[in-house]
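In what follows, a single structure is set out as C-alpha cells and then discussed.
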Amino acid sequence: MSDPSSINGGCAVAMVGKDCIAIACDLRLGNQSLSLANNFEKVFPFGDKTFLGLTGLASDVLTLKEDFRLKHNLYKLREEREIEPETLANLVSSSLYERRFGPYFVGPIVAGLHSKTNKPFICGFDLIGCIDFAKDFIVSGTASDQLYGMCESLYEPDLEPEDLFETISQALLNAVDRDALSGWGAVVYIVTKDKVVKRVLRTRQD
Amino acid sequence: MAGLSFDNYQRNQYICAKGHAQPKATSTGTTIVGCKFNGGVVIAADTRATAGNIVADKNCEKLHRLAPRIWCAGAGTAADTEMVTQLIALNLELHGMWNDRQPRVITALTMLKQHLFKYQGHLGAYLICAGVDPTGAHLMSVQAHGSTDIGEYQSLGSGSLAAMAVLETKWKPNMTRDEAVLLCAEAIESGIWNDLGSGSNVDVCVMEVGKDAELLRNYLTPNVRAPKERSYKFPRGTTAILRESIREIVDVEETVIEFNKPEAMEVDA
Amino acid sequence: MNGISVDINHLKKGEVSLGTSIMAVTYKDGVILGADSRTTTGTYIANRVTDKLTQIHDTIYCCRSGSAADTQAVADIVKYYLQMHASQLPPGETPTTKVAASVFQEICYTNKDGLTAGIICAGYDKKNKGSVYSIPIGGSIHQQEYAIAGSGSTFIYGWCDKNYKRDMERDECITFIKTALSEAIKWDGSSGGVVRMVLLTEKGVERLIFYPDEYQA
C-alpha cells in the first residue's frame, strides 16, 4: 500500500526567473484513485510577496496551513512587518523538526521576493524540515519525479515573468499528465516586485 | 513549546499499522572525510542529497559551522545533521560567552556525543568534527549512537569505504596544508565516482592554528552540466488560461503635513 | 522465562561495536591492562587504531568491550563521579580502584536493560596496590587476580588459566599479556590491529604499543 503522503495526491513547483519567482500547484484532492475535489489549492500567500506550497496528506496540509497562518500573524504583531521568505523557510523548518519523531506527512516549498531588495528566494523541505536551497527550481508532491524531469529540461535561468509563466506552466501540465494522483486543474502565481498575477490554467479533467 | 513534540507519534503508528509505509526523509548518502596536517586540519564533503533514488539536491552544503574555527561534516539523515549541528553551535556560542573563552573542539564533541547518546541512535547524524582552538588542531568523528573516534584521518558516510581506500594508500605523516587539501579532495572524488549515494562537487574547509577557518565551497566541480545547445523557451501564449487575477502591490507612504506652523522666531531686532 | 534475563547479544541496528580482546593482570609492581585496537560496524573496520584503555583517574583505567557508545558514555560518567569524589578526599589521597569499579557496577546494573557494556576496571592505589575488577554485561562485579573479556577472550581462557602466575615480574607479565592477546587476535575475527598496554604502578602510568609484526613473530 502507498505511504500517507500519496493518499490524497497533488504536487507543487516553484521557479526563479529574472527578478521574479513563480509558484504553481495542481488542484486535485483525492482518496487513493477516487477524485474528490478540483478546487484544492496547495499554495498559500504569507504577506504580499511570499508563498508557501504544501503537498502531501491533505489533513496535514490544512493543519499546517492554519498553523503557519497563526505563526505568521503572531510574527506580524510582534515585529510589525511582513515576514521575509528566508524567515518563513526557517520557521517551516523548525516547526517540522519539532515533530521529528511524529512528522506531518507533507512536502512544503517556499517561494518569494525579499520585501525590500526584491531578491528572489525559493526552497523546499523534506517532511522533517531539512531545507533544500536551490537556485533554479523546487518540486514536491506525487508528481515530483515527473516534475524533476520536466524542470531539468525546460528550465533556463533569468527568464522574464511572462516566459517563466510559460515554462513553469508547461512543466507542471506535462508532469501531472503522467501522474494519476495529480491534475484536475492548476494555478500559477507569478510574483514580481510590484505585481502578483494568479492564473488558473486550462487542463485535462481525467 | 520547547523541545520535541511527540503528538503525532501515535497517529503515525496507527497509519503505519494500517499498512502504509513511512515516507522517506532526505538522507545525505554521503562521502565525508577529514585529515590533519602540520599546523591544522582539513575536512571535505561531496554535495549530493538523495531521497530514495532521487537526487534531491545537486549542490547541498554538508559542511556546518559549529564555531568560527570549529566545523563539522555531516552524513546520515540530512535534517538531523543540520539540526543537531545548529543546536550545538548555539550552545557553544552561549558556552563561549559565559566563560569568555574560545570554544574547544573537545567541548563541541562532548556536547554532540552526549546529545546523540541521549537519543539512542534515533537521530541519524554521523559527523566528522574538526577545528582549531587554543590547545591545537583536532580531528574526531561521532556516530549516531554517540560513540566517538579520534584519528589522523577519518571518513564517514556511504562513500566512506571508497574514501578510506584513498586515505589509507596516500596518507603520510606531517603533510603540508596543500597536500592535505589535495588528499581530502581526492578521497571525496573517489566517493563521488564510486559511490552512488555521493556525487556532484567537492566542498573543503581548512582550519589552521591561529587563523580563521577557510571554507572552499565547490573547491572541485568535476560534474558541470554541459550547457544546452538549444532553448526550450515556449512562445508567449502557449499555455491556455481560464482566469487571471492581478494584485498590484502599492507602497503606502505617510507624509506628515503640519497645520498652523508658527512663524520662525525673530532673533534679532 | 525467569523474568530477569537480558538479551546479551543484541546491539542496536548499525551500532558501532567493540568486538574485542581485553585483559587486565595484577603483577609484582601493580597492574597491566591490555587491549587490541579494532572497532567494527558490521564487517567494516571503523577504526583500526582505537584506544580501548580509558583513563578514569590518575592510576585507574578501564578496558571497554561491547557497544562503543554505551561504554564511552559510562566511562565518561564514572570519570566525572571520580573527579567529584577525589575533590572531597583529604589532600594527598586518591580514589581507590574499588570505588571506581563500584560506580561502574552501579551504573551497569541499574541500566542493564539499555546497556551493552562489558568492562574491566583496574588500577593502582597505595592501600591495595594493583587490583582488577570485572563488570560483565548485567552489572555484576568480580574481583580477580586477572581478568579477560570481549569476544576474543573465549579463545584464551584455557591458556591464561594454565600460564598465569602470581606476582610476575614486569617483563614476564608483559609477555604474558602480549602472547595471550596475540592468540585472541589470531582466532577472533573482530579483534585486531595493534596491542596496547597500560602499566599502572607506584610510579604512575606507562603506555606501551606493540605492532603486528612484533607480536605475531
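Each chain gets a letter, A, B and C, in the order it is written, and its residues are counted from 1.
Keep this in mind: contacts are C-beta pairs under 8 Å (C-beta built on N, C-alpha and C of every residue); 3 or more make two chains touch, one makes a residue touch a chain.
Keep in mind that what you see is a predicted model, and the values were worked out from it rather than measured.
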Message = Which chain has its C-alpha centroid farthest away from the centroid of subunit C?
response = A
Query = Any idea which chain sits dead centre by C-alpha averages?
reply = B
Ask   = Approximately how many whole Å separate the CA-defined centres of subunit B and subunit C?
value = 37
Task = Go ahead and note the Å separation of the Cα centroids belonging to subunit A and subunit B.
result = 24
Centre distance in Å when subunit A and subunit C are each reduced to the mean of their C-alpha atoms = 56
Note = Note: in the complex, subunit C contacts subunit B through residues 12-16, 39, 41, 44, 46-47, 49-51, 67-70, 72-73, 76, 114
Key: subunit B - residues contacting subunit C, complex   = 110, 113-114, 116-117, 120-121, 143-151, 161
Remark   = The answer for subunit A against subunit B in the complex is residues 1-5, 7, 48-49, 96-105, 124, 126-134, 144-145, 148, 153-154, 156, 159, 162-163, 165-167, 169-170, 173, 193-202
Inquiry  = Give the list of subunit B residues in touch with subunit A in this complex.
reply    = 4-12, 15, 18-26, 49, 51, 54, 56-57, 60-61, 77-80, 82-83, 122-123, 228, 231-250
